[in-house]
Every structure is written in C-alpha cells, then in structure tokens.
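By letter and in written order, the chains are A, B, C, D and E; residue numbering begins at 1 in each of them.
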Amino acid sequence: MNFVAPDVNYYSMLPFITVLLTAVFATILPFYVSRKAIAGLSAVGLLVALAASIGLWNTNLSSFYGAYRSDNFALGFGIVLIVGALIAVISSVDVAKRGGTMQAEFFAILLYAVSGTMLLASAHDLIVLLIGFEVMSLGVYVLSSFQETAKSEEAGMKYFLLGGFASAILIFGIALVFGATGKFGLEAINTAVLSPEFKNSSIAAVGALFILIGFGFKVAMAPFHQWTPDVYTGAPTVVTQFMSVAVKAAAFAGFLHIFGLALQNVSGWQTPLQFLIALTLMIGNLAALRQSNLKRMLAYSSVAHAGYVGLAVLASPSQGFSSALYYLGIYTLMNAGAFAVLNVLSKDDDGLEIESLAGLGSSKPLLAATLTFFLLSLAGIPPLGGFIGKYLIFSAAASSGYYGLVILAALTSAVSLAYYLRPIGLMYFRPRVTVLPDFSGRSTRVLLVVCAAGVLILGLVPNAVYGLLELVKK
Amino acid sequence: MIHLIIFIPLLFALIGLFLRGQARASISIFAALASFALTAVVWIAKIDTVYRTPWIPGAGIFYSVTFDGPSLLLALVATLMTSITLIYFSNRKDSQQAEGMYPLALAMLTGLLGIFAARDLILFYVFFEATLVPSLFMLGLYGRKNRVRALTKMALYTIFGGLLMLVSIIATKLYSNSPSFDFLELFGRTSQLDLETQTWLFLGFVAAFAVKLPLFPLHNWLPDFHAENHSSGVADVMGTLYKVGGYGLFRFALPLFPAAAQNLQWVFMFLAAFTALYGAWIAFSSKDFKRLLAYAGLSHMGLVALGMFSLNPIGMAGALFLLAFQGVYSSALFLIVGMLEERLNKDVQNEKTTSQALEIGHVRGLAASAPAFAGVALVLWFASIGVPGLAGFIGEFSVFLGAYQANPWATALAVSTVIASAAFALTAYQRTWLEETTTTIPELNARDWFVLVPILAVTVFFGVFSGSALKLLEPSVQAVAGLLGGK
Amino acid sequence: MVVFVILAVLAIAGAIGTISFKSGIYSALSLVGTLLTLAMMYVTLHAQFLASVQVMVYAGAIMVLFLFVIMLLNESQMSGADPLPWVQPVAIAGGIVLAAALAFTAFQFKAPKNLETATAALQGGTPGAIGETLFTKFLLPFEAVSILLLIAAIGAVSLVHRQPAHNEALETTSEHATDNAYSDETSSNPAKVVA
Amino acid sequence: MVETQYYIALAAILFSIGAVGFLTRRSAIQMFLCVELMLNAANLALVAFSRAWGDLLAQSAVFIILTLAAAEVAIGLGIIVAIFKKRPTTNVDVLSSLKG
Amino acid sequence: MDFNHNLFALMPVLPLLGWLVLIVWGKNMKEPTPGILASSLVFLSFVLAVVGFVQVSPMKEPLLNTLRWDFLPMWVSDAKGVLVSKPLQFGFALDHLSSIMTLIITGIGFLIHVFAIGYMHGDKGFSRFFAYLNFFIAMMLILVLADSYPVLFIGWEGVGVASYLLIGFWYTDVKNSDAARKAFIVNRIGDAFLMLGMFLLFMTFHTLNIHEINSSFGSVVIPNVTTISTGIAFGSPPLELAALFLLLGAAGKSAQLPLSTWLPDAMAGPTPVSALIHAATMVTAGVYLVARSHGIFANAPGASSWVMWIGALTAVYGALSAIAQTDIKKILAYSTVSQLGYMFIAVGSGAYWVGIFHVATHAFFKALLFLSSGSVIHAVGGEQDVRQMGGLREKLPTTHIVSLIGTLAIAGIIPLAGFFSKDAILSSVFTSPFGGDFSGYAIWAIGLIVAFLTAGYMWRWYSLVFLGTYRGHAHPHESSSVMTVPLWILAALSVVGGFIGLPHFLGKNVNWLEGFLEEAAPNALGFHEIPLWGELILIALALAAAVGGILFSRWIIARDGVNSAGWIATRFGNASRKALFVDQTYDIAVSAPAKFISEQLELADTHGLDRGIGALANGTAEAGASLSVWQSGFVRAYAIAVLLGTAILVGYLALRSFA
C-alpha cells in the first residue's frame, strides 16, 4: 500500500491559519484578560491575516492537490471578508455594554465564522466548500441568538431551522452532482461535464438546481429571502452587520466558484437564476419602500443588492468575477458603515425608527454626513463608489446579453433612490424631534471616516483597485 | 489649464466650508471670477486641445475633456452668471442665514463645467448626475414649505432618466464594440448601426435629456423646483444653468445616432413646439412670479428642443445661442424677483412660507417709485420674449428659420408662442410695475447696478454684435449638420 | 433484490412514522429504525465501515441526544389550532411533486461503469481502505471538520453560558428581556396555551 | 446487484418525506428530526453513487457529512434548549413576533 | 471707412444716441433742454436724409454701406450640395424709395418734436417722452434703411416697442397701460405672420436680402453663392403664400381689417405721439413693406388682389366708423384707418409709386389735422369731446385756417395734395392688371363712395369744432408760436405736396415721383391704357365725390343744427361709434376663450399631473406594503416558499428533459 504524501503547503494557507490561531487564542485567553484586550487581539489577528493575503497576491499557490487554492480571486474575497470582520469587531467595541455581546466567546465564534468564510472563498472542492459553508453558518446561528432577548432568540431559531433545511438541500445537490460526474473538485467536475462520455446531464442539472437553491437561500435571493428581514432585525446589530456583509460575500464567493467554474457548462440553471434575480430586484427594492424601521429597510436593501451581484454570476466569468468582487468590496464598506452608524445611534437592538433621524444633520454632523455618504453610495449616485460598482455589474451583464435584466436593475435602482433619499431628507431638511443616544466612541468615529473615505476613493479613483482585479480573470 | 477651470470652484467650495460670513463670501466670489477669467483666456487664446488620460482603463473609461465651441460658450455663461449671482447674494441681508449657498453653488458650477467639457460618455454621466446632489441640497436646506415633495419629484425624474441613459451608454459601447467610451471613437461606429438598435439607444439618451430639457410629459418637476426654492433666486439661477438637455442632445444624442434622429424627427419637433406653446400659455395664468418664470423657461426650452431636433444647421446654431443666452436673461429675471422680494419683505423672517410678495398683482405701480428698476425689468422681459436688438431674438429667429426648413407645420405652431409670450410677459409686467401705485419701493442702489449692468451689457451687446458668439458655434454645428445631412 | 425491497419498505415506513407521530419520542424512535435499515443498506453497498459508524454515531450518540432533549423539555401535546392551516396540504402536494420529479430523474441515471468492476475498487469499504483515502486524498476536509466540531462545542457552551452574563447592563436588560419575552409571547401566540 | 437507480429513487423519496415532515410538524425538535432524515437520504445517495463510480472518496464524504450532522445537532439542540426552556411549548409558531 | 458710403448709415445712430443720453441723464435736465436736444438731433438726421437724397437720386443701384458685421447664422448648400456658412450681414442700403421715406420720417418727425416741446410743457416725464420719441425715429429709420428682412424686422418690432412705451406713457391710468399692451400684442400677431413669410422666402430663395430677392425674378446670378435659375414662376404657390404672410404682417402693423382694433385705442397716448406714430410714419410701414417687396407682389397676382380687397374693406370700415365718433382724435384715428385702406388699394393694384405718393401726402395733412386737434385740446384744457367744442373760429384763428386747409386736402379738393394722390389711386385701381374683369371696377366704385364719406365726416369734424357757438366752459386761447409754426409748415406742404405726382393727362414725363421710383419700386406689368377722355372723366368723378360729400355734410348740419349731433342718435350712429362692434367680437371670440383655456391648463398642470405621478408613486409603495404582509413571521411559511421553489424548478427541469 504505497503511502502518498499529502501535499500540504502551509504558506498558501497563511491568512486562513492566522485567523484560526487568533480564534483559538480568543477562546483561551478571556479567562485571564479583559474583554477589550480580546477585541484588540482579534483586530490585530485580522490585520496580520490581511497583510498575509496582500503578500500572497499573484502567487497563485495551491495545496491539497488544488482543493485549497489561494489565487487572486480567493485572496480578493479574503481581503473583503477580513475588512468586513474588522469593521464588525471595531464597531462591536463601543456598543458591547448595550449589545449583549459582552461575553468573550463573541470574538472567538466571530473569528471561527470568519475562518469558515475564508475556507469557503478559497475552496476548490465541493466538500471543503460545504464545510466552510457549515462552519460559517453554525457560527452565525450562535451569534444571532447571542442576546438573551426574545427577538434575538427567535431570530437565531428561525435562521437555524431554515438554514438546516437549506443545507440539507445543498448536500443532496452535491450528492447528485457527484453522482453525475464522479468528482468533487470544481475543475474536475467541469472537465467531466465537457468530456465526451458524460451521460448524466439531467442528474447534473437537478443537482445544480439544488445547489442553486441552497446558495440562493444563504445569499437571500427571493423567494428564499424571507428569513433575512426577520433574522437581520432580530439579531444584535453588530451580528447583522457581519451577516449582511461578510456572510453574503462569502456565499457569493462560493456561488461564483461553483456556477462560474464547475457547473459553467451544465445547462438548466441559467433561466431559473434569471427568474430569481428578477424577483429579488423587484421584491428587495419594493418591500424596502414602505419600511419605517431603518434596520429592516437596510435588510431589504441587502436583499436587493444580492440581486445586483446575482447579475455578475450570470455574466461570463472573465468579467463577472472581477465586477462581483469589486461590487462586494464597495458593498462591504458602505453597508457595514451604514450599520455601524445605526449601531451607535440605537438604544437597543430593535433598530431605529427612520422618523427619529430627523434633524440629525445639525445635532450629530459627523454621523449624519457619513450616513449620507453611505446611503448615496448605496443608491448609486455617481461620484461615489456605489455607482462604479453598479456600472461594472451592468456592463458585465450587458456584455453577456442580459439587457432585459439590466434595464430592470436600472429601474429598480431608481426606485431604490426613493427609500435611500428619505433618511437623508429627514436628517437634513427636518427639525429635530427625538434625542438619539450616541454610543459612538473614538474608534467608531475613525472607522466611519475611513469607510466614507474608502467609498469616495473607490468612486473617484477606482482604477487603483479595479486594475489589480484584472488579474482575477481566469 | 482646463482642469483648473473645472475644479477651482469645487476646491474653493471645500475651503469655503471652513470659513464663515464675509470670508466665505469673498472666497467663493473670487473662485467664480477666477474660473470665468480662465475660461475667457481659453476663449481668447483659442485653446481647444483634447486632454485625455485613462480613468478606468479596464472598463475603457477615459477622462477626456476639452472646451470646443459650444461648450466654451456655455461655460463662459455659466461662470459669469455664477459669479454675478454670488456677488448679488452677498449683498442680500438674509445671506447670513443661508450661508451654505456659496459652497453648494460652487460645487454645482464644477458639475456644470464638467458636463460641458466631458467628451467621455461615462464621465459626462458622472458629472450629469453629480450636479444633481448640490441642487437637491440647495432646495432641501433653504427651500420653502413643501420643498421635500419638490425635491423627491425632481430627484426621481432625473435619476429615472439618468439610469435609462446609463443603460443605453453601456449598450452603445457594446453594440459598436469600440475600445472606449470616448466620443470621437464611438462617433464613427454608431452611425453604421442598423436603424432599429439606433432608435432604442437614441431613446435611452433622449429620455434623460427630455427630463433635463424639460419636454412636455416630463416637465412636471420644474415649476415645483422653482416655486419651492430659496427666495433669493440663487438656486433658481443654478437650476436654469443646469438645463443641459439641449447641449446633451447636440453633443451626444444627435451625432451618435443620425439615422434614428432623422427617423423620429417629426415626432420630437411637434412635441417641442407643443411644449413651447404649452409653457407660454400656462405662464399667462400662473399666480406666482417664480412659477411664471419656470413656465417661461419651459417655453424657451421647447424652442431649444425645436432647434435641436430640426437637424438643420441654422436651427441648431440658434438653439445653442438661445440656450446660452437664456441662461443670462432668464436668470437675471430670477434675480430681479429676488431683489423685488427683498425690498417688499422688510422683516425677512426665515420661516419658509411662500411669501406674499411674489404673487403677481399683490403690489402694483412700482415704476412710480423705482423707474430705473422698472426700466431694467422691462428690458429683461423684452429680451426673454425675443424682441430684436436683444440676445433672445438671434436665438429664437434662427431656431424658427432652421426649424421651418425641416418642418413648416411644427414651426407654425411654435411661432404662435411669440404671441403668447408677449401676452403673459406684458400682463405680468403691467400688473406689478404699471397701473396706479399701491406701494413704493427703494430705487436700485449702486450694488444692485453693479450686478445688473454686466447682464444688460451682455444681453444688448450679443443682441446686436452676435458675430463673435456665432463664430464660436460655427465649426461644430457645421460638423454635426454635415453628418446629419440636414436640409 | 428481495433484500433491497424489504429494506426500502422498512426505511420508508420508518420515515413516514417519523413525520406522522404526534409525540416526539415515537417519531425519534421510528427515525432510529430508519437509520438502522439504512446501515444495513450500506452493507449491501460495500460500505461496511460506514454502516458501523452509522449505527454507533448516528443511531447511538445523536439519537440518544435527541431523546434526552425531548425528555428534558417534556413538551406537552401540540394543542390549539394551526395558525397556518393551508401549509399541510400544500406541503404534501409539493412533496409528492418533488418526489416524483426526483425519482424520474433518478431513473435517468446511466451508470458510467459496470457494477462489478466498480465495486472491486471499493475493497468492500473496509476501514483500512477508507482510512487510506481519508488521510491521503481527503486530508483537507478531514482537518477542516475539526474546526467544525470545535465551533460546535464552543457554540453550545456559549449558548448555555449566556445566562449568568456578569455585566450589570446586560443584567438589567436580561431580566427585563425575559419578562417581556413571555408577556408579549403569550398574548401574541394564537394557540391558547393549556396551562 | 441492485442497480444504483433504485437506491437513488429511494433516497429521493426519503428526502421528500423529510421535507414534507419539516413543514407539517409544528414542534421544533420534530422539524429538526426531519432535517436529519433528509441528510440521511443524501448520505444514502452518496453511498450509492460511490458504489456506481467505485470511488471511496464519496464514502469519506459521507463520513464528513455525518460529523457535520452531529455538529449541527449539538448547536441546534443547544439553541432549542436555550429557547424553549423558558417557554411552555416547543411550538415553533410561537416565534412570530418579527414580521412585516 | 470711406465716408460717402457710410454717412447715410449715421441717420438712425443720432436719434439712438439721443435716446441713450436722455434715458441716462434726462432727469437732471431742466424743462425745455431735452426737447431741444431731441429736436436738433432729428434735424441733423433730416439734413443727412437730404444729403442722402441728393447723393442717391442720380444712382441706379442702391447705395450699400460698407460697415457690416455678421448678425444671424445662415447656411446655404452650394452647387455641390456642400453646406457653406454665409451668415446674414447687419447692413443698410439707401435707394430712391427708402430715401423718400427717410425724408418723410425725419421731416415730419422734426416738426412734431418741435410741436411736442410746447404740447408737453409742464409734464413730469418730459425728458422720458423725448427719449422715447427719439427711440421711435431711430427704429423707424432702421426699418426703412434695412437691406435684409431680419434687419427690417428689428426696426419693425422696435417701432412696436416704441409705440407700446408711448401709448402707455401716462402708465398710472389702467386704461392707457391696457391700450399699450393691446397694441403691442396685436402688432406681435402681425409680426408672427411676417416671420413665417420670411422663413418661406428663405426656403424658396435661400437668401433674405431684399435686393437679391427682388432681382431674382427670371434667372440671375446671386453674387458669389450660386447661379440658380430661380424657376420661381409668376404666381407659383410658395410665392403667393409668402406674399399673403407679408400682407398679414403689414396688416398687423398698418391696422388693416383683421388686426385693426388697436389703432383707435392707441389714441390713449399724447397727441404728438398719435400724430407721428399713428398717422404719419409707423402705420405706413405696412405699405412700405409691400412697396419694398414689389418683386414678390408683382409676381403674385392672387395676393395682390387680396391686398386690394383688404384695403377696400378697411377703407369702408374706417369711413363708416368715423362718421359718428364724438372724440376729436378718434375721428382722425378711424380716418387714418380708412386712408391706410386707400394706400393698400394703391400698392395692391401694382402701382407702388402711387402708394408711396399717398403715404407722403397723407403724412402731411393727417399730421397737420392731428397737431391742430392737439392745439385745440391744449387750448380747451384737455377736453377731447367735440360736443363740448364749437365756434373756435374766432378764438383760434391760425389753428382754424390750417385745419380748414387740412380738411379740404384730405377731402380731395382740387389744388390740394389729397386730390392728386386720391385721383392717382382711383385711376391706378381702375387700370390695374390685377383687377381682373370685375374686382378692379368694384374697388374703384368703393373708392369713390369712401371719398364721398371721407369728405363728409371731415367736414363734420371741421364744423363741429370750429363753426357754431362754443359749447365748452373753458376759455380757449391761441397756442404759442412754437406750436403754430410747425402747423404752418405742414399746411404749406399739404397744399404743395400734390405737385410731385401730377396726373398723366398733363404730359408724359411731368410726373416726377413715378420716374424717381422707376428702379426702386417699378410698377407691375400689364397696366392697360385708357384714353385721355377716360382719365378726365375719372378726375371729374373724384372731384364730384369730394365736393358732394362736403355739401351733403353741410346740408345735414344745417338741417339738424350745428350744436345738435344729429347723426349720432340713430341706431346706425350707435353702431358706427362702436366701430361696427369688431372690438367686442374679438374679445368674446378670441381673448376670453384663450384666458379660460390657460386657466384650465394651469390647474391641470399643477394638480392634475401631480395626482397622476403621485398615484404611480404610492402604487409602487402599495406593492411594497403587500410584500411585507406576505412576510408573516411564521418559520413554516418561509419554508413553504423554499419547498415550492424547489418543487417548481425541479418539475420544470424534469418536464423540459421529458419534452
């Protein structure tokens, strides 16, 4: 029995390992060290992982026979995820007392979930991808029911049950895909599908469909989006922030990998996906119009944005990957920023009535200005990054011929202006009605300014980042 | 040199944010005058080099700007009028409460100069939408009672049109598979496209420009925008300058899709003529001065659209001339209304209600106490209804002359606006200035004259010696007309 | 073939039992029955090691945990009207459609190799064979699963650990939270709870 | 040797029964049981395919999914216990305060 | 800049300078200086006009000024179809026709300026009045000297603006401002048609230069652009339509029938204004336009006959309305409308020099009549109602004599100017090529009747004001010499004026004016000859009509007594005073519905469209609301969506592969 030495290349997994190590330390140390130190430790850990990912850029290493590959795509998503996690960690520091995220385990579980997302982003094997998916999901199930309030528990429960149901479907899909191709590796599946003696196209199609539904649920595409508003509103705001940004980005990484690489040539999933995207765009934007609670409105808006990124999945991999990555990068900054502002302004985790924002422009100028930046960028107003992101996605989808969807996306993003403009209008053009608590410490202020600057720079000088993404093209 | 002109106002707007009171006023006025001076230098030194650097090379977007004929003329008018308006605003007593106007106006000026200079479609779109934000803030921060309704209406109209244009911009680049969005590269390729695609792409562009012009069905935001704006008229002036629909049509929509333009010519000419008549006809019975001027502006824009869609060189040159100089005298009328309102509202309360003073017929016979003021107002009203010898006539006459060659019936309809505009202008003028005196107002003082003299000079000078402005427009109109094969 | 039919019928009966029994215990027990039948099926599919693992881990550990929790919560019978009466028939119809479609696609499966040669490579799914693949070709998932178990453990602990959070702010919120949690609960709960 | 199609058909049927069970039962634990059933159906399909392809990888994948199910049970029951300890019933419809 | 070419172009510049000076520094000038300044500037223009007249009379071609600049953008596609930019030049041209007009404008203008110094004595806006008068003279000169239609249009609208300012001079009274606004708007309607005419001309001739168009009938080279054989045949449809547009434009300015309602109201302005603008110069601009574009009208028979018919109908309408008027100036206003009708008959008949001849003579005696009524009003302290006057023969001897001369002149008594010009009109319409078989004679007959009526109402005017006993209660006194001197000059001109256009029977080349205008405004071809005795009969009949009119009027006044306004009481009298109710019909038929529609549109636009857009907006919002209802909060409801989604998609795939 010849013993085949496993090809383990630790250097390529450096960012993943650093996050894992920080998670382990964060699990052990809280018995000796104060909670703030743990937050600092996790932030440092994430920064080291960030540095490692940037270091690995363009190296295109892989280990475990290609099951774990740290190519530019994975590293790009890794960076986006780490930034999302960093924002969550920093903004959790100021609201720890109120947000019920006091226990030290909060950071441990958060970091484990982040490692899960990084695994998901760099996996080139269905099973590894599944494990990353599950680690992330379990982490977030726990985090969303972290607060001892009825709302948080209800959110956790709902998310867990529906999540379990969806992952069962996902696993059945993986089984069917294996059945049809006999392979787990993404490239291997693709070669199997293209090879002449590939016979089980219908099994593969059904398998692809099941995987589409599994990921559709996690990415919150209509009609599987229904859990998002309830869970986002119920969970603590910091967790919602992390979920809406990092979890969604990681899910899209998996989505792109599977449907961009493995099932590229399997027919049958494109039309349902178009139908899902159209539904998501409409439901996401229309439902948000009538919301009176800012947190719930941002939840529906994140559903809508899932629709926009879905367009990138449809587009050809060469353009689709880079525009999706750029969009998710910008989305992370602006959405996490918006949640950070919401976080410091609300007295509890039930979110904030939009009406109570009235007059914020004069009472808390910095918060109001940064929130305006984020909302305008979410709406896609030109000078800011949101516009460039939307433009790239629209042109990627248009170049693969999905004009109908692009026009629908344009119209729904016009509708989205209505509900993004309302808070801005209230903040600046209405006298103050209620006094809002302000938990923002120095760290959140710096965070907000950095995010707003990021959004502006990515809007004005996108080439600095987008140029790098050129290399993501396969 | 060109970037200096475009970005000086924005730079000083940011600096101005940190200053207060008189310092902010003088900085802002200096910025506007500086950009005006530089534009004048560009005009005299005839610099029309195209400056082009990659902005997002991956997506084929380049930062290419130049000031050729029409954009230079429009830029001159924009910078001149902004500096005059800011000087006027600094004279006003209530400029302390609305200090935000300075940076916002300068930000808008940068946007406008960007629009006129941009040669890359995406760059044009970015400036086109970005200019909307300061305008919305001006309306929102310093508007009247139901300003938020007007604000949302304007925002939605513009964004809807804008996004449709964005989609057709993307589709243009793809269909004509040109390497970049640069107008010169797209220019040759799009005319080979078949008529059907050209028409769809053309309609995408026209949707955005029809909102901005505005043309009939999409004009509903304009009266509310002007009625609800700050009574000093600064926001209205910037709004008048922001009517870039006509320029957009001339620069991008018509040359890129000649076949579609010729095919749909008669539809849009009748629509434009109808808008002109519709605007003038409603102006006759509008109650409030601001609304009256809004509808008068709508009627002017109808004529600009008529000239543009006539695809006839004379018509287009006239439309550009009218577009440029209506920026001068229509804005001046808004300033006159502002001065009037300031004189009548001695105790300017900052409660944002529609002040009585602006209602037509509320006060009468002001000429008795301020004859010079009445004279200046009369000259500006005559310029706005196109009495020969003033700048309005040159534009209007050439628009009609050109449009008649293309479509006599639509022009006949449009010429009737000449009568309707005389009716509403003189009625409004008579209600406030003539008839028996009900109130007396102070005569124009030195500072008012300092604001009004340049405007009158420009209106009269370019009404008679219009040659120099026409020489500016000639080359590019000749090029576009040659392409469109106008009759 | 006969063995397969018997086992299939048993499995389906067990599954139907799990979903139809009212009380938790009976459905858990019928699920255990299904699991055991599946283990036997694995044997026929040349996966002896998996069969034993299934029996030990799944039927043994996990189901015991389930029974333990069901006992712990001694939840009474489901009472009160179902707030969503239309869910049941729609679910059943949907399930049938799904089953039919899947079964139909299943029968379209064309085996890539003939069974004999394929099963030979399996070496009967003995622990040795599986161990070898696990530690060579399948090493990364094997390691990755360890993270999964780690987070499961910490998650469970932190969920329990939540209650006696020691900071005063949370103290107040938690008392306050739990009281109103029930108050609005019962009022909003349409099903009249039998005390 | 029984053909693989039959095993897959059986897996499909078990999967659908699990799905229906998830929707009809109103107690959280029983819904969770149904999810476990669906997972087992998937395992069966995988084992059947591993025999069809003669590839032990699928069996080790089943091994992984087993541990995954175990972890999920740990967390799931943790949450269920944490939540329903304070509530009289494990009826999941009770948890419907978040809506709109 | 060579001097002799651009000297005449200075004519409009001087009064414009006067306007500028008076507007800016007018206020701080003491009473008479603005008047003197304005009058002297107009006098200088008059000198320039005379110099121009001397300079241009020997020349055949029009004298073009060299100081030109680009005014309007214009493109013409040359032979190869390539667009060549040929912008329209802002320039002037002086030829025989325009030099005569400049003489009339500056001459009469100067006299009226001098008269106005006396008339406007003591008025608060003294300098403003003379500024506006100078502005008017400048604009009228631009109109007359223009060498292309758009430059003519500048003068055209310029005089419209001047008349608006002057009619509404005493703006504090609502009636005056309304009259001014009405005048401007009705003029604007005429201008709109003139514009359409210009566009059509450009479409057919590719140029708007007047001399190029007039000379382009038959194939001729249009300098340095193209040699196009115009192919514009005699009476071709675009030509007829263009001529019609020009006619409607002229009708607007010269208060012909469709657009004649504004002139009587224009009397609200001061009397010198009525004399200068609404008698002598501005209203004749329409006649000048037709004469200037003689090429077009000569080749458009249909349009020319239209011109004649409109002239005839307006003449009758004017005469009938003038008979029963009670306001001294209103009588003269309607008389002007009727005389303008005469001029349109003349130019319509193709004899353009006759039209200009009547413009000249009419300018003399109508200005005379207006100024004398001005001095009468001045004497009786602003009273304008003839029923409060009478018996002023003794108190105002000079005004009486000059008014008598004026009345006889306008009636057309033998040696005075009116006789010759009216006779020339009647004989030209009698022999006109455009008369066709019937309409020539019919219009001649109408002309005779109008001559009879004119003599009648003028004599009534004279007798009501000067004969009988003084019915008013002011104490009239003769006006100062500054007002009587212009009256005497005008009286002399009314007497002598007729001799520049003696009738043919006195000899072939004895008629100076026809010869002088041979090139500038050649007659249309095809005047048929009438024998000598025929001409004599026509003259006799014309004279008979005039004398008969006067005798009839004397008989009526003798019958009902000079003080009783017998004619007014009858129903016919009432209709005549209301100017045949034309004004009222316009208000009901045109302005009321236009105002109503405008109000409805305004309401619809501000609220109607709002509701529409509002409905759309909350429509989408409602859709959003219904979605949140679907979000029921029950876990199992969400799961159902997942299951159904799966079932449908898989079913779809199965079916697809099955089908």
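To be clear about the criterion, a contact is a pair of C-beta atoms (placed from the backbone, for glycine too) under 8 Å apart; a residue touches a chain by one contact, two chains touch by 3 or more.
The structure displayed is predicted, hence computed values, not measured ones.
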Third chains touching both chain B and chain A: E
Label of the chain whose CA centroid is most distant from the centroid of chain D: E
Per-chain Cα centre nearest the global Cα centre, belonging to chain: B
D-E against C-E, pair bridged by the larger set of C-beta contacts: C-E
Chain A and chain E: spacing of chain centres that average the CA atoms, whole Å: 78
Between chain A and chain C, centroid-to-centroid distance (C-alpha), Å: 28
Chain B and chain C: spacing of chain centres that average the CA atoms, whole Å: 68
Gap in Å, rounded to a whole number, between the CA centres of chain E and chain B: 36
Multi-chain contact sites of chain E, meaning residues that touch two or more partners: 617, 628, 631-637, 639-640, 643-644, 646, 650, 653-654, 657
Residues of chain A whose C-beta touches two or more other chains: 127, 131, 134, 138, 141-142, 145, 150, 153, 157-158, 161, 165, 169, 179, 182, 202, 206, 229-230, 418
Where chain D touches two or more other chains, by residue: 8, 11, 15, 18-19, 22-23, 26, 32, 48, 52-53, 55, 57, 61, 64, 68, 71-72, 75, 78-80, 82, 92-93, 95-100
Which pairs of chains touch, using the document's own definition: A-B, A-C, A-D, A-E, B-E, C-D, C-E, D-E
For the chain C and chain A complex, residues of the former touching the latter: 101-102, 105-106, 108-110, 112, 132, 135-141, 144-145, 147-148, 150-152, 154-155, 157-159, 161-163, 165, 167, 169-170, 173-174, 177-178, 180-181, 184-185
Interface residues, chain E side, partner chain A - complex: 617, 620-621, 623-625, 627-628, 630-631, 633, 635, 637-639, 641-642, 644-646, 649-650, 652-654, 656-657
For the chain A and chain C complex, residues of the former touching the latter: 1, 3-4, 6, 8, 20, 27, 63-65, 67-68, 97-98, 100, 102-103, 105-106, 108-109, 112-113, 115-116, 119, 125, 127-128, 131-132, 134-135, 138-139, 141-142, 145-150, 153, 179, 182, 197, 199-200, 202-203, 206, 348
Complex interface listing, chain B residues touching chain A: 54-59, 122, 125-130, 132-133, 137, 140-141, 143, 147-148, 151-152, 155-156, 159-160, 163-164, 166-167, 170-171, 173-174
Complex contacts: residues of chain D adjacent to chain E: 19, 22-23, 26, 92-93, 95-100
